[in-house]
Amino acid sequence: MRIGVLTSGGDCPGLNAVIRSVVHRAVVDHGDEVIGFRDGWRGLLECDYLKLDLDAVSGILARGGTMLGSSRVQPAHLRDGVERAKGHVADLGLDAIIPIGGEGTLKAARLLSDGGLPIVGVPKTIDNDIAVTDVTFGFDTAVGVATEALDRLKTTAESHQRVLIVEVMGRHTGWIALHSGMAAGAHAIVVPERPFDIEELAARVGERFEAGKRFAIVVAAEGAKPREGSMAYDEGGKDIYGHERFAGIARQLSIELEQRLGKEARPVILGHVQRGGTPTAYDRVLATRFGWHAVEAVHRGEFGMMTALRGTDIVMVSLAEAVETLKTVPDERYAEAECVL
Amino acid sequence: MRIGVLTSGGDCPGLNAVIRSVVHRAVVDHGDEVIGFRDGWRGLLECDYLKLDLDAVSGILARGGTMLGSSRVQPAHLRDGVERAKGHVADLGLDAIIPIGGEGTLKAARLLSDGGLPIVGVPKTIDNDIAVTDVTFGFDTAVGVATEALDRLKTTAESHQRVLIVEVMGRHTGWIALHSGMAAGAHAIVVPERPFDIEELAARVGERFEAGKRFAIVVAAEGAKPREGSMAYDEGGKDIYGHERFAGIARQLSIELEQRLGKEARPVILGHVQRGGTPTAYDRVLATRFGWHAVEAVHRGEFGMMTALRGTDIVMVSLAEAVETLKTVPDERYAEAECVL
Amino acid sequence: MRIGVLTSGGDCPGLNAVIRSVVHRAVVDHGDEVIGFRDGWRGLLECDYLKLDLDAVSGILARGGTMLGSSRVQPAHLRDGVERAKGHVADLGLDAIIPIGGEGTLKAARLLSDGGLPIVGVPKTIDNDIAVTDVTFGFDTAVGVATEALDRLKTTAESHQRVLIVEVMGRHTGWIALHSGMAAGAHAIVVPERPFDIEELAARVGERFEAGKRFAIVVAAEGAKPREGSMAYDEGGKDIYGHERFAGIARQLSIELEQRLGKEARPVILGHVQRGGTPTAYDRVLATRFGWHAVEAVHRGEFGMMTALRGTDIVMVSLAEAVETLKTVPDERYAEAECVL
Amino acid sequence: MRIGVLTSGGDCPGLNAVIRSVVHRAVVDHGDEVIGFRDGWRGLLECDYLKLDLDAVSGILARGGTMLGSSRVQPAHLRDGVERAKGHVADLGLDAIIPIGGEGTLKAARLLSDGGLPIVGVPKTIDNDIAVTDVTFGFDTAVGVATEALDRLKTTAESHQRVLIVEVMGRHTGWIALHSGMAAGAHAIVVPERPFDIEELAARVGERFEAGKRFAIVVAAEGAKPREGSMAYDEGGKDIYGHERFAGIARQLSIELEQRLGKEARPVILGHVQRGGTPTAYDRVLATRFGWHAVEAVHRGEFGMMTALRGTDIVMVSLAEAVETLKTVPDERYAEAECVL
């Protein structure tokens, strides 16, 4: 068989592990040929690819990023390209395409699958917000990086009697905030799913100081928002470049909490560090299993499907189902964190 | 309510996180009182305990080991002590006991539960071999430590054109070997579940060198054994102290492989490093959830049960069921590792 | 003897190691008594202290922050307090005070020393900008944290064909930028000591892309500034809180470079993570040696002095000399980095 | 100019950083050509080499091991090969050779230098036992790995009320033991420079338990030995393969201490993990500076010399001087560790 692989969307630790696993399983065990398209869908649309044999994937297992590169393509652009993609697939004699990507990629994958292309998807998102799989690879690494940072920040906050507001990834869901906050013992966690009340948050942090504690750590998902009316919310202005000047929930919260509590409050924005670098062992194992099972699905002809983790098993779910709903943090999980507003 | 907690059996990252979580949930949310027995069952039998309030568990979340200490008790000794334990429980006015421990502890817990004590268990084993839960805390940390060591050893092996045989924990099951071996891209993994053939193993490693590679990494669970007759197996002699002189599969394999391959082979035994120190974020979250749900089970009166992870949910399973079977590595999981004999 | 210890100024990994070392050497070996003033000079001025015996410092060696707390005191306030401090020292029967701190603290120490107090200082700054010592503890940890982040960011930058501008600590000197940039192989490093020319910087990064590379990493010390006139420099405006809206060299550089190069450029600001948490082994050893030698100096009656590292030796230098000049990055060190503008 | 580089002797984190630095400085700044001999002196003797340009060294800065490979060559063999080496150097038109290696390599370098070859050495040893340089790269990484392991082991030892004896590298000198022991707060450190008295060691550890502590950590350099007559010392026997059965100071100490103290004692042997993998930022900077200055020395024609660190400066010292004396741990440094017998 001939299989094409591509990675699309944001960077995520474990992408290389999937690519390596696909090549190992397909080439060694099945005697397949594998090619990799460069820079995601662009590579498919422009027929830009390289051959992937064992040597090509040697040493990439523990490396962050993606050896194939990634880029974002407009859905409209992709829609117009379905026929072109089919042409390339026919020309290259491909029996299957394995796109590895997040929500946008999986929607694109479904589009191409509906258009007749033989597709087996592999889900990828550090946000962990795909409902049909228990976990996605990359999430554990992101939570690990955030937790290590929080561990470090605790001693700083304590020595200086400060409130630190730490902004972690998560535009639409609060999984990284929830897990890293639980793991590091944060004193409050705010997430997009539950608009917070600034007075409540300040009260909660204030109580901590009243109980004699000398510092507090608040973890804020980047998409967290105040309950309407609870807090002046700076929509930002423009700087001399015409760029937005002020953005970020952590900065706003640090100002609002400092005003209310009379304690120094400082924002820390973890940013891209969460999505780069060596994946954790957990993510490498999950990514490797996803790659292996994607190849198996190709050989069974299960197209229009995607790999997913359920308990300890890898199962196949339909791409249609995969993109239907976002997995948000349910109330019971909030409760367990013991510190969510 | 009054709840007693204890930790028993081998050290495991995450024990303190469970203790902290029990105290947070019970004391803060339910207004319970919590005490901790010192050094496992010994503390219960000898009524040796300390009060656990919020201050007592402050700062322990990320710490390895167990603040309560641990020790091993002979089952017979425990059996004789059931009445004594019941007496202490009555005297202390305890409504429940939450023992946190591995197979031996859970068996003891069942014994006491059958004897009439109100018990909710929390499973703990870095070996991940308890069948009724998807994962146990501590396992992820152990795999992470082993993987980091394997990552380091790869460059050493490569620079010196060596075979390294790395012995990881796992007397009865090969989960740590399997996961760390997959995560680090080991070239062979041997586990207790599948006695290996030394000729097959040597052939496999030899092929790698013939293909032009300069090194090989073999991961061996400490309980891995050769297929009967396949390899001379040193039963060991006595040294001047009367102790066994020679033990360990990694040492034997390094000698056997060096003889067969004519390549330098060296053993590395990771040992206790795998079970100590700061737990990973994953283990802290799982341990925290187990503690929270154990308290909930106490309040619902679900005794004779134990917390377990199923997919993303924490569920309760009976202690009787919990200790019935060992979770061994199934064949498909071996196949996914792509490098198991 | 009776010795008082205090930590003052910004948080720095290794502070606890110094405190522990002072206590171990003084109490165990010399039979001294040691007390710790709370929150830096404030503790001395207000006679707020705790007794430090072996138990008090148990387990703090690897912990970030300072168990004694820290705060900033206005020099004027301290000047007025010299007599009060002397009174407390007399009342407490102290034979020496060991203040651990940065430039401000050492200046204060000198003031008090000139005022007649028996003082032996220990220098502390993660910036490594004290000229009379080869290195200060905390610096190695900060460089390590920054380097690990840079390692992670490289794969992200590469996968997305981006320029990442990473802001590290260093308001007046570029040591952290220089060392972390060298360690991680950054493609350009900008530091306060050498105002950069934005066109030159853009040209340098541009050449890299022209040579076929897919990404670039620029490390910027927070105090780095453009050569006058070379770049529009946003002085910032006010947001709705009256706070400055726009600050930070990394943000500005990302905009300026994106405009010039036509490549996505993104800022990453590492912030407080660099100064918190577990110190590296290097910093723990240096801090421990500083503490040990500070006690020795006390016993030799060498007051008005400060510990310093020279080669592999710990020597004593006068506080007067210590605060005279800032250690800036010399030209040859820039040249070695092979990537400094 | 044309420069040849080679790495020889045991693996050491930072070797690749030196190679990369030599290439960057020589090729980019001086317009030189650089070649790398494979597997140390063997490559030179057999004229086995590869061209090293910027692409060849891309991405190796943070990688452990050596991209050039390494091997050990018998001095006699090398002595016979001097003329052959000179012939290859002439044939290849090399203006200088930069060997990177430890004591053996530097002795060989001196031999070749005395024989008329233009040599600039770079010292390498994780043991840090070369007297003419303050530090060698690789040492900081080894100490870091050992310290992290010790941090982890402490919690295990504490939970189980054990003595752990941790064996670290150092056959002839105790630097790794001293620094990692200080960094982790070990309770005793034994090193080759000072044969220990087992009764004294046992007494010291015993006192700790008597003072109410629940565990103890002993760090032992692999070359540590008992004072003659103080302890039965197992010379080992043979196993069924004819290999030595019993070796290692940690194992012996664990047995001896367990017998004397009546406490569980366990050996942990860190082994090769200490010398592989990603170098610390400190080692990457030092290695990079060594490489840069070696190229400068070549261009100044300073042959028969070697790079060395003195304070914060890189200086050149003669190879003759370099190999004269071993740097052993002096008494004052022992004293600072506060826990050395």
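Note that the chains are named A, B, C and D in the order they appear, and that numbering of residues resets to 1 at the start of each chain.
Throughout what follows, a residue touches a chain if its C-beta (ideal position, glycine included) is under 8 Å from a C-beta of that chain, and two chains touch if they have at least 3 such contacts.
None of the values given here were measured: they were computed from a predicted structure.
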Reaching chain C from chain B through chains that touch each other, fewest steps: 2
Which chain's centre, taken as the mean of its Cα atoms, is farthest from the centre of chain C? B
As a quick test, compute the distance in whole Å between the mean CA positions of chain A and chain C. 34
Approximately how many whole Å separate the CA-defined centres of chain A and chain D? 41
Using mean CA coordinates as chain centres, what's the gap between chain C and chain D in Å? 30
Please list all residues of chain C that touch 2 or more other chains. 151, 278
Take each protein chain as a node, join two nodes whenever their chains touch, and name the resulting shape: line, ring, star, complete or other. ring
Residues of chain A that touch chain B when the two form their complex: 20-21, 24-25, 28-29, 61-62, 134-135, 140, 143-144, 146-147, 151, 179-180, 182-185, 278, 280-282, 284-285, 288-289, 292-293, 310-312, 336, 338
Which chain A residues qualify as touching chain C in the complex? 7, 10-11, 15, 63-66, 69-71, 145, 148-149, 151-161, 164, 214, 232, 234, 236-237, 239-241, 243, 245-246, 255, 259, 266, 268-273, 275-278
